Amino acid sequence: MKLSARNQLNGKITNVEKGAVMANVKIEITEPGVITAAITKESAEKLGLSEGDDVTAIIKSTEVIIGK
Amino acid sequence: MKLSARNQLNGKITNVEKGAVMANVKIEITEPGVITAAITKESAEKLGLSEGDDVTAIIKSTEVIIGK
Amino acid sequence: MKLSARNQLNGKITNVEKGAVMANVKIEITEPGVITAAITKESAEKLGLSEGDDVTAIIKSTEVIIGK
Amino acid sequence: MKLSARNQLNGKITNVEKGAVMANVKIEITEPGVITAAITKESAEKLGLSEGDDVTAIIKSTEVIIGK
Amino acid sequence: MKLSARNQLNGKITNVEKGAVMANVKIEITEPGVITAAITKESAEKLGLSEGDDVTAIIKSTEVIIGK
Amino acid sequence: MKLSARNQLNGKITNVEKGAVMANVKIEITEPGVITAAITKESAEKLGLSEGDDVTAIIKSTEVIIGK
(Lines give C-alpha, C1' and ligand atoms only; values in the text may rest on other atoms or scores of the structure.)
Protein backbone atom coordinates (compact mmCIF):
# COMPACT_ATOMS: atom_id res chain seq x y z
CA MET A 1 0.00 0.00 0.00
CA LYS A 2 1.33 3.41 -1.00
CA LEU A 3 0.33 6.39 1.17
CA SER A 4 -0.69 9.92 0.20
CA ALA A 5 1.26 11.26 3.22
CA ARG A 6 4.25 13.09 1.72
CA ASN A 7 6.58 12.64 4.66
CA GLN A 8 7.91 9.16 5.34
CA LEU A 9 11.16 9.13 7.27
CA ASN A 10 12.98 5.88 7.96
CA GLY A 11 14.56 5.25 11.34
CA LYS A 12 15.07 3.00 14.32
CA ILE A 13 13.13 3.04 17.59
CA THR A 14 15.33 4.09 20.51
CA ASN A 15 12.68 4.23 23.25
CA VAL A 16 9.06 3.24 23.94
CA GLU A 17 7.32 4.63 27.03
CA LYS A 18 3.78 3.49 27.79
CA GLY A 19 1.09 5.17 29.86
CA ALA A 20 -2.46 3.90 30.48
CA VAL A 21 -3.85 5.09 27.11
CA MET A 22 -1.00 6.70 25.20
CA ALA A 23 2.59 5.77 24.38
CA ASN A 24 5.58 7.91 23.50
CA VAL A 25 7.94 6.47 20.88
CA LYS A 26 11.37 7.90 19.99
CA ILE A 27 12.63 7.19 16.48
CA GLU A 28 16.18 8.01 15.43
CA ILE A 29 15.95 9.07 11.79
CA THR A 30 18.77 7.55 9.82
CA GLU A 31 18.20 9.23 6.44
CA PRO A 32 17.32 12.93 6.43
CA GLY A 33 15.30 13.25 3.21
CA VAL A 34 12.87 15.98 2.24
CA ILE A 35 9.88 17.31 4.22
CA THR A 36 6.83 18.69 2.40
CA ALA A 37 4.74 21.29 4.24
CA ALA A 38 1.29 22.37 3.04
CA ILE A 39 0.70 25.78 4.59
CA THR A 40 -1.51 28.72 3.67
CA LYS A 41 -0.29 30.99 0.88
CA GLU A 42 -0.75 33.83 3.37
CA SER A 43 1.83 32.22 5.68
CA ALA A 44 4.28 31.59 2.86
CA GLU A 45 4.06 35.27 1.93
CA LYS A 46 4.14 36.69 5.47
CA LEU A 47 7.31 34.68 6.18
CA GLY A 48 8.66 35.52 2.70
CA LEU A 49 9.54 31.87 2.08
CA SER A 50 11.73 31.20 -0.92
CA GLU A 51 14.31 28.74 -2.19
CA GLY A 52 17.49 28.59 -0.16
CA ASP A 53 15.94 29.85 3.10
CA ASP A 54 17.11 28.13 6.27
CA VAL A 55 13.98 26.99 8.10
CA THR A 56 12.74 24.57 10.74
CA ALA A 57 10.00 22.00 10.09
CA ILE A 58 7.92 21.79 13.28
CA ILE A 59 5.66 18.79 13.91
CA LYS A 60 3.67 17.96 17.02
CA SER A 61 4.30 14.40 18.22
CA THR A 62 0.56 13.57 18.20
CA GLU A 63 0.62 14.02 14.38
CA VAL A 64 3.17 11.28 13.74
CA ILE A 65 1.97 7.83 12.55
CA ILE A 66 4.34 4.88 12.77
CA GLY A 67 4.65 2.29 10.01
CA LYS A 68 6.45 -1.01 10.71
CA MET B 1 10.20 31.34 22.35
CA LYS B 2 10.58 27.60 23.00
CA LEU B 3 7.89 25.28 21.60
CA SER B 4 6.19 22.22 23.12
CA ALA B 5 6.30 20.52 19.68
CA ARG B 6 8.81 17.69 20.07
CA ASN B 7 9.87 17.55 16.42
CA GLN B 8 11.91 20.43 15.04
CA LEU B 9 13.99 19.50 12.02
CA ASN B 10 16.39 22.00 10.48
CA GLY B 11 16.66 22.30 6.72
CA LYS B 12 16.72 24.46 3.62
CA ILE B 13 13.79 25.29 1.33
CA THR B 14 14.23 23.77 -2.13
CA ASN B 15 10.86 24.70 -3.61
CA VAL B 16 7.80 26.89 -2.96
CA GLU B 17 4.67 26.38 -5.05
CA LYS B 18 1.70 28.69 -4.47
CA GLY B 19 -1.98 28.15 -5.24
CA ALA B 20 -4.84 30.57 -4.55
CA VAL B 21 -5.15 29.69 -0.85
CA MET B 22 -2.52 27.07 -0.06
CA ALA B 23 1.19 26.70 -0.74
CA ASN B 24 3.41 23.64 -0.92
CA VAL B 25 6.91 24.02 0.51
CA LYS B 26 9.74 21.47 0.14
CA ILE B 27 12.41 21.48 2.85
CA GLU B 28 15.59 19.46 2.52
CA ILE B 29 16.41 18.29 6.03
CA THR B 30 20.11 18.63 6.67
CA GLU B 31 20.36 17.02 10.12
CA PRO B 32 18.38 13.81 10.73
CA GLY B 33 17.76 13.96 14.48
CA VAL B 34 15.09 12.16 16.49
CA ILE B 35 11.33 12.05 15.89
CA THR B 36 8.92 11.65 18.81
CA ALA B 37 5.55 10.03 18.09
CA ALA B 38 2.67 10.08 20.59
CA ILE B 39 0.43 7.17 19.63
CA THR B 40 -2.12 5.08 21.52
CA LYS B 41 -0.75 2.34 23.77
CA GLU B 42 -3.05 -0.01 21.85
CA SER B 43 -1.17 0.80 18.62
CA ALA B 44 2.21 0.38 20.24
CA GLU B 45 1.16 -3.07 21.45
CA LYS B 46 -0.58 -4.18 18.24
CA LEU B 47 2.54 -3.30 16.25
CA GLY B 48 4.75 -4.78 19.00
CA LEU B 49 6.98 -1.69 18.98
CA SER B 50 10.23 -1.99 20.87
CA GLU B 51 13.77 -0.63 20.90
CA GLY B 52 15.78 -1.43 17.80
CA ASP B 53 12.76 -1.85 15.46
CA ASP B 54 13.15 -0.41 11.99
CA VAL B 55 10.13 1.84 11.41
CA THR B 56 8.87 4.71 9.28
CA ALA B 57 7.62 8.00 10.75
CA ILE B 58 4.68 9.09 8.58
CA ILE B 59 3.49 12.72 8.66
CA LYS B 60 0.87 14.38 6.47
CA SER B 61 2.15 17.59 4.89
CA THR B 62 -0.79 19.61 6.30
CA GLU B 63 0.56 18.92 9.81
CA VAL B 64 3.94 20.61 9.25
CA ILE B 65 4.50 24.15 10.56
CA ILE B 66 7.44 26.17 9.25
CA GLY B 67 9.64 28.30 11.50
CA LYS B 68 11.99 30.84 9.96
CA MET C 1 -24.82 24.05 14.91
CA LYS C 2 -23.58 22.75 11.56
CA LEU C 3 -19.87 21.90 11.26
CA SER C 4 -17.39 22.54 8.44
CA ALA C 5 -15.84 19.09 9.09
CA ARG C 6 -16.77 16.99 6.05
CA ASN C 7 -16.69 13.63 7.82
CA GLN C 8 -19.42 12.87 10.32
CA LEU C 9 -20.01 9.17 10.85
CA ASN C 10 -22.83 7.95 13.09
CA GLY C 11 -22.26 5.04 15.44
CA LYS C 12 -22.54 3.55 18.90
CA ILE C 13 -19.86 3.51 21.61
CA THR C 14 -18.66 -0.03 22.36
CA ASN C 15 -15.84 0.78 24.78
CA VAL C 16 -14.43 3.66 26.85
CA GLU C 17 -11.00 3.27 28.46
CA LYS C 18 -9.69 6.09 30.64
CA GLY C 19 -6.13 6.96 31.60
CA ALA C 20 -4.96 9.86 33.77
CA VAL C 21 -5.22 12.50 31.01
CA MET C 22 -6.46 10.77 27.86
CA ALA C 23 -9.28 8.35 27.03
CA ASN C 24 -9.70 5.86 24.22
CA VAL C 25 -13.22 5.51 22.82
CA LYS C 26 -14.35 2.79 20.38
CA ILE C 27 -17.30 3.66 18.13
CA GLU C 28 -19.00 1.05 15.96
CA ILE C 29 -20.04 2.89 12.81
CA THR C 30 -23.51 1.83 11.79
CA GLU C 31 -23.83 3.69 8.47
CA PRO C 32 -20.81 3.67 6.12
CA GLY C 33 -21.26 6.96 4.24
CA VAL C 34 -18.66 8.93 2.31
CA ILE C 35 -15.24 10.15 3.50
CA THR C 36 -13.74 13.35 2.08
CA ALA C 37 -9.95 13.64 2.07
CA ALA C 38 -8.14 16.93 1.38
CA ILE C 39 -4.65 15.96 0.25
CA THR C 40 -1.98 17.68 -1.82
CA LYS C 41 -2.45 17.61 -5.60
CA GLU C 42 1.07 16.16 -5.72
CA SER C 43 -0.09 13.14 -3.68
CA ALA C 44 -3.19 12.64 -5.80
CA GLU C 45 -1.00 12.56 -8.90
CA LYS C 46 1.80 10.42 -7.46
CA LEU C 47 -0.77 7.80 -6.40
CA GLY C 48 -2.66 8.27 -9.69
CA LEU C 49 -5.98 8.59 -7.84
CA SER C 50 -9.07 8.39 -10.01
CA GLU C 51 -12.71 7.36 -9.83
CA GLY C 52 -13.28 3.70 -9.14
CA ASP C 53 -9.95 3.11 -7.36
CA ASP C 54 -10.08 0.87 -4.30
CA VAL C 55 -8.40 2.81 -1.49
CA THR C 56 -8.12 2.99 2.29
CA ALA C 57 -8.95 6.13 4.28
CA ILE C 58 -6.41 6.29 7.14
CA ILE C 59 -7.09 8.47 10.18
CA LYS C 60 -5.08 8.73 13.38
CA SER C 61 -7.26 8.31 16.48
CA THR C 62 -6.04 11.62 17.97
CA GLU C 63 -7.76 13.41 15.04
CA VAL C 64 -11.26 12.16 15.83
CA ILE C 65 -13.71 14.45 17.66
CA ILE C 66 -16.82 12.95 19.25
CA GLY C 67 -20.22 14.60 19.04
CA LYS C 68 -23.04 13.43 21.31
CA MET D 1 3.90 -2.14 6.25
CA LYS D 2 1.45 -2.03 9.16
CA LEU D 3 0.40 1.41 10.45
CA SER D 4 -0.13 2.67 14.00
CA ALA D 5 -3.17 4.66 12.80
CA ARG D 6 -6.17 2.91 14.35
CA ASN D 7 -8.69 3.92 11.69
CA GLN D 8 -8.39 2.33 8.27
CA LEU D 9 -11.62 2.30 6.31
CA ASN D 10 -11.84 0.58 2.94
CA GLY D 11 -13.73 2.20 0.09
CA LYS D 12 -13.86 3.28 -3.51
CA ILE D 13 -13.05 6.73 -4.92
CA THR D 14 -16.13 8.41 -6.36
CA ASN D 15 -14.61 11.81 -7.17
CA VAL D 16 -11.26 13.61 -7.45
CA GLU D 17 -11.19 17.39 -7.74
CA LYS D 18 -7.84 19.13 -8.20
CA GLY D 19 -6.83 22.70 -7.45
CA ALA D 20 -3.39 24.26 -7.88
CA VAL D 21 -1.93 22.83 -4.67
CA MET D 22 -4.62 20.73 -2.99
CA ALA D 23 -7.03 18.04 -4.14
CA ASN D 24 -10.35 16.89 -2.73
CA VAL D 25 -11.03 13.16 -2.89
CA LYS D 26 -14.38 11.49 -2.12
CA ILE D 27 -14.27 7.88 -0.93
CA GLU D 28 -17.40 5.79 -0.58
CA ILE D 29 -16.78 3.56 2.42
CA THR D 30 -18.02 0.06 1.70
CA GLU D 31 -17.45 -1.55 5.11
CA PRO D 32 -18.39 0.47 8.19
CA GLY D 33 -16.05 -1.00 10.83
CA VAL D 34 -14.99 0.59 14.12
CA ILE D 35 -13.55 4.08 14.74
CA THR D 36 -11.13 4.69 17.61
CA ALA D 37 -11.02 8.20 19.07
CA ALA D 38 -8.29 9.33 21.48
CA ILE D 39 -9.74 12.29 23.37
CA THR D 40 -8.99 13.89 26.73
CA LYS D 41 -10.38 12.14 29.80
CA GLU D 42 -11.93 15.52 30.66
CA SER D 43 -13.96 15.42 27.43
CA ALA D 44 -15.05 11.84 27.97
CA GLU D 45 -16.33 12.82 31.42
CA LYS D 46 -17.93 16.14 30.42
CA LEU D 47 -19.88 14.34 27.68
CA GLY D 48 -20.56 11.40 30.02
CA LEU D 49 -19.47 8.93 27.32
CA SER D 50 -20.28 5.29 28.03
CA GLU D 51 -21.01 2.06 26.20
CA GLY D 52 -24.17 2.09 24.12
CA ASP D 53 -24.22 5.88 23.57
CA ASP D 54 -25.21 7.04 20.10
CA VAL D 55 -22.48 9.42 18.93
CA THR D 56 -20.96 10.98 15.83
CA ALA D 57 -17.28 10.59 14.89
CA ILE D 58 -16.20 13.94 13.40
CA ILE D 59 -13.06 14.17 11.27
CA LYS D 60 -11.75 17.14 9.30
CA SER D 61 -10.92 16.23 5.70
CA THR D 62 -7.36 17.59 6.02
CA GLU D 63 -6.67 14.81 8.57
CA VAL D 64 -7.42 11.93 6.18
CA ILE D 65 -4.52 10.06 4.51
CA ILE D 66 -5.22 7.85 1.50
CA GLY D 67 -3.60 4.44 1.03
CA LYS D 68 -3.76 2.73 -2.34
CA MET E 1 -24.94 18.03 19.67
CA LYS E 2 -22.14 18.60 22.21
CA LEU E 3 -18.55 18.13 21.02
CA SER E 4 -15.56 16.52 22.73
CA ALA E 5 -13.31 19.28 21.30
CA ARG E 6 -12.27 21.36 24.33
CA ASN E 7 -11.73 24.62 22.43
CA GLN E 8 -14.77 26.42 21.09
CA LEU E 9 -14.25 30.13 20.58
CA ASN E 10 -17.11 32.36 19.50
CA GLY E 11 -16.57 35.06 16.92
CA LYS E 12 -17.63 36.80 13.74
CA ILE E 13 -16.33 36.14 10.23
CA THR E 14 -14.40 39.11 8.85
CA ASN E 15 -13.18 37.56 5.59
CA VAL E 16 -13.70 34.54 3.32
CA GLU E 17 -11.22 33.86 0.52
CA LYS E 18 -11.87 30.93 -1.81
CA GLY E 19 -9.47 28.96 -4.00
CA ALA E 20 -10.25 25.99 -6.23
CA VAL E 21 -10.30 23.43 -3.41
CA MET E 22 -9.58 25.27 -0.16
CA ALA E 23 -10.90 28.42 1.51
CA ASN E 24 -9.34 30.71 4.09
CA VAL E 25 -11.73 32.12 6.70
CA LYS E 26 -10.87 34.87 9.21
CA ILE E 27 -12.84 34.89 12.47
CA GLU E 28 -12.61 37.75 14.93
CA ILE E 29 -12.91 36.17 18.35
CA THR E 30 -15.15 38.26 20.55
CA GLU E 31 -14.79 36.39 23.86
CA PRO E 32 -11.30 35.22 24.85
CA GLY E 33 -12.06 32.21 27.08
CA VAL E 34 -9.75 29.33 27.96
CA ILE E 35 -7.68 27.11 25.63
CA THR E 36 -6.92 23.50 26.58
CA ALA E 37 -3.75 21.96 25.15
CA ALA E 38 -3.01 18.22 25.33
CA ILE E 39 0.74 17.89 24.98
CA THR E 40 3.26 15.23 26.01
CA LYS E 41 4.32 15.20 29.65
CA GLU E 42 7.89 15.37 28.32
CA SER E 43 7.11 18.74 26.68
CA ALA E 44 5.42 20.09 29.77
CA GLU E 45 8.51 19.23 31.80
CA LYS E 46 11.10 20.40 29.26
CA LEU E 47 9.34 23.79 29.08
CA GLY E 48 8.82 23.76 32.86
CA LEU E 49 5.16 24.71 32.44
CA SER E 50 3.38 25.78 35.60
CA GLU E 51 0.52 27.97 36.77
CA GLY E 52 0.98 31.63 36.08
CA ASP E 53 3.38 31.22 33.14
CA ASP E 54 2.86 33.56 30.21
CA VAL E 55 2.58 31.39 27.12
CA THR E 56 1.32 31.38 23.54
CA ALA E 57 -1.21 28.83 22.22
CA ILE E 58 -0.17 28.04 18.64
CA ILE E 59 -2.64 26.42 16.24
CA LYS E 60 -2.21 25.73 12.53
CA SER E 61 -5.13 27.05 10.47
CA THR E 62 -5.76 23.63 8.87
CA GLU E 63 -6.71 22.32 12.34
CA VAL E 64 -9.62 24.74 12.87
CA ILE E 65 -13.19 23.52 12.26
CA ILE E 66 -15.97 26.09 11.88
CA GLY E 67 -19.38 25.64 13.47
CA LYS E 68 -22.27 27.86 12.38
CA MET F 1 11.87 32.45 14.93
CA LYS F 2 8.62 33.36 13.20
CA LEU F 3 6.07 30.57 12.65
CA SER F 4 3.85 29.80 9.67
CA ALA F 5 1.02 28.86 12.07
CA ARG F 6 -1.58 31.60 11.66
CA ASN F 7 -3.07 31.32 15.15
CA GLN F 8 -0.97 32.50 18.08
CA LEU F 9 -3.00 33.47 21.11
CA ASN F 10 -1.32 34.94 24.18
CA GLY F 11 -2.40 33.86 27.64
CA LYS F 12 -1.50 32.63 31.09
CA ILE F 13 -1.44 29.02 32.31
CA THR F 14 -4.11 28.36 34.95
CA ASN F 15 -3.64 24.60 35.33
CA VAL F 16 -1.23 21.79 34.43
CA GLU F 17 -2.32 18.18 34.94
CA LYS F 18 0.17 15.40 34.19
CA GLY F 19 -0.45 11.74 33.36
CA ALA F 20 2.16 9.09 32.57
CA VAL F 21 2.68 10.19 28.94
CA MET F 22 0.43 13.18 28.27
CA ALA F 23 -0.33 16.44 30.07
CA ASN F 24 -3.34 18.71 29.95
CA VAL F 25 -2.62 22.44 30.12
CA LYS F 26 -5.25 25.18 30.57
CA ILE F 27 -4.39 28.61 29.18
CA GLU F 28 -6.52 31.65 29.91
CA ILE F 29 -6.38 33.75 26.76
CA THR F 30 -5.99 37.39 27.65
CA GLU F 31 -6.27 38.97 24.19
CA PRO F 32 -8.97 37.64 21.84
CA GLY F 33 -7.41 38.30 18.43
CA VAL F 34 -8.30 36.72 15.10
CA ILE F 35 -8.46 33.00 14.22
CA THR F 36 -7.69 31.83 10.68
CA ALA F 37 -9.32 28.59 9.51
CA ALA F 38 -8.25 26.77 6.34
CA ILE F 39 -11.22 24.61 5.35
CA THR F 40 -12.39 23.09 2.06
CA LYS F 41 -14.18 25.40 -0.36
CA GLU F 42 -16.96 22.81 -0.32
CA SER F 43 -17.46 23.35 3.43
CA ALA F 44 -17.41 27.13 3.09
CA GLU F 45 -20.14 26.86 0.47
CA LYS F 46 -22.26 24.22 2.23
CA LEU F 47 -22.29 26.37 5.39
CA GLY F 48 -22.78 29.52 3.30
CA LEU F 49 -19.98 31.30 5.18
CA SER F 50 -19.72 35.04 4.60
CA GLU F 51 -18.59 38.20 6.32
CA GLY F 52 -20.53 39.08 9.45
CA ASP F 53 -21.63 35.51 10.24
CA ASP F 54 -21.55 34.50 13.89
CA VAL F 55 -19.54 31.28 14.08
CA THR F 56 -17.57 29.09 16.47
CA ALA F 57 -13.92 28.14 15.90
CA ILE F 58 -13.55 24.54 17.12
CA ILE F 59 -10.09 23.13 17.90
CA LYS F 60 -9.22 19.76 19.41
CA SER F 61 -6.84 20.10 22.37
CA THR F 62 -4.34 17.66 20.82
CA GLU F 63 -3.78 20.23 18.01
CA VAL F 64 -2.55 23.01 20.29
CA ILE F 65 1.20 23.67 20.59
CA ILE F 66 2.49 25.78 23.49
CA GLY F 67 5.21 28.40 23.07
CA LYS F 68 6.92 29.85 26.13
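Letters are used for the chains, namely A, B, C, D, E and F, taken in the order the chains are written, and counting of residues starts over at 1 for each.
In the analysis below, a contact is a pair of C-beta atoms (placed from the backbone, for glycine too) under 8 Å apart; a residue touches a chain by one contact, two chains touch by 3 or more.
It should be emphasised that the depicted structure is a prediction, and the values quoted were computed from it without experimental measurement.
Asker: Using direct touches as single steps, what is the fewest number of steps from subunit B over to subunit E?
Answerer: Step count on the best path from subunit B to subunit E: 1.
Asker: Is it true that over half of the residue numbers where subunit C touches subunit D are used by both copies, so same, or is it different?
Answerer: same
Asker: A-B versus A-C: which interface comes out with more C-beta contact pairs?
Answerer: Contact tally favours A-B.
Asker: Averaging only over C-alpha atoms, locate the centres of subunit D and subunit F and give their separation in whole Å.
Answerer: 21
Asker: Please set out, as single numbers or ranges, the residues of subunit B touching at least two other chains.
Answerer: 1-6, 18-24, 36-40, 42-44, 47, 49, 56, 58, 60-63, 65-68
Asker: Touch graph of the chains shown: is it line, ring, star, complete or other?
Answerer: Contact pattern: complete, every chain touching every other.
Asker: Help me check something: in the complex, which residues belonging to subunit B touch subunit E?
Answerer: That would be residues 1-6, 19-22, 36, 38, 62-63, 65 of subunit B.
Asker: Report the residues of subunit A in contact with subunit F in the complex, numbered from low to high.
Answerer: My answer: residues 17-24, 37, 39-40, 42-44, 46-47, 49, 56, 58, 60, 62.
Asker: Quick check on the complex: what are the subunit A residues that touch subunit E?
Answerer: 24, 38-40, 42-43, 60-62
Asker: Which positions of subunit B touch subunit A when the two form their complex?
Answerer: 3-16, 18-41, 43-44, 47-68
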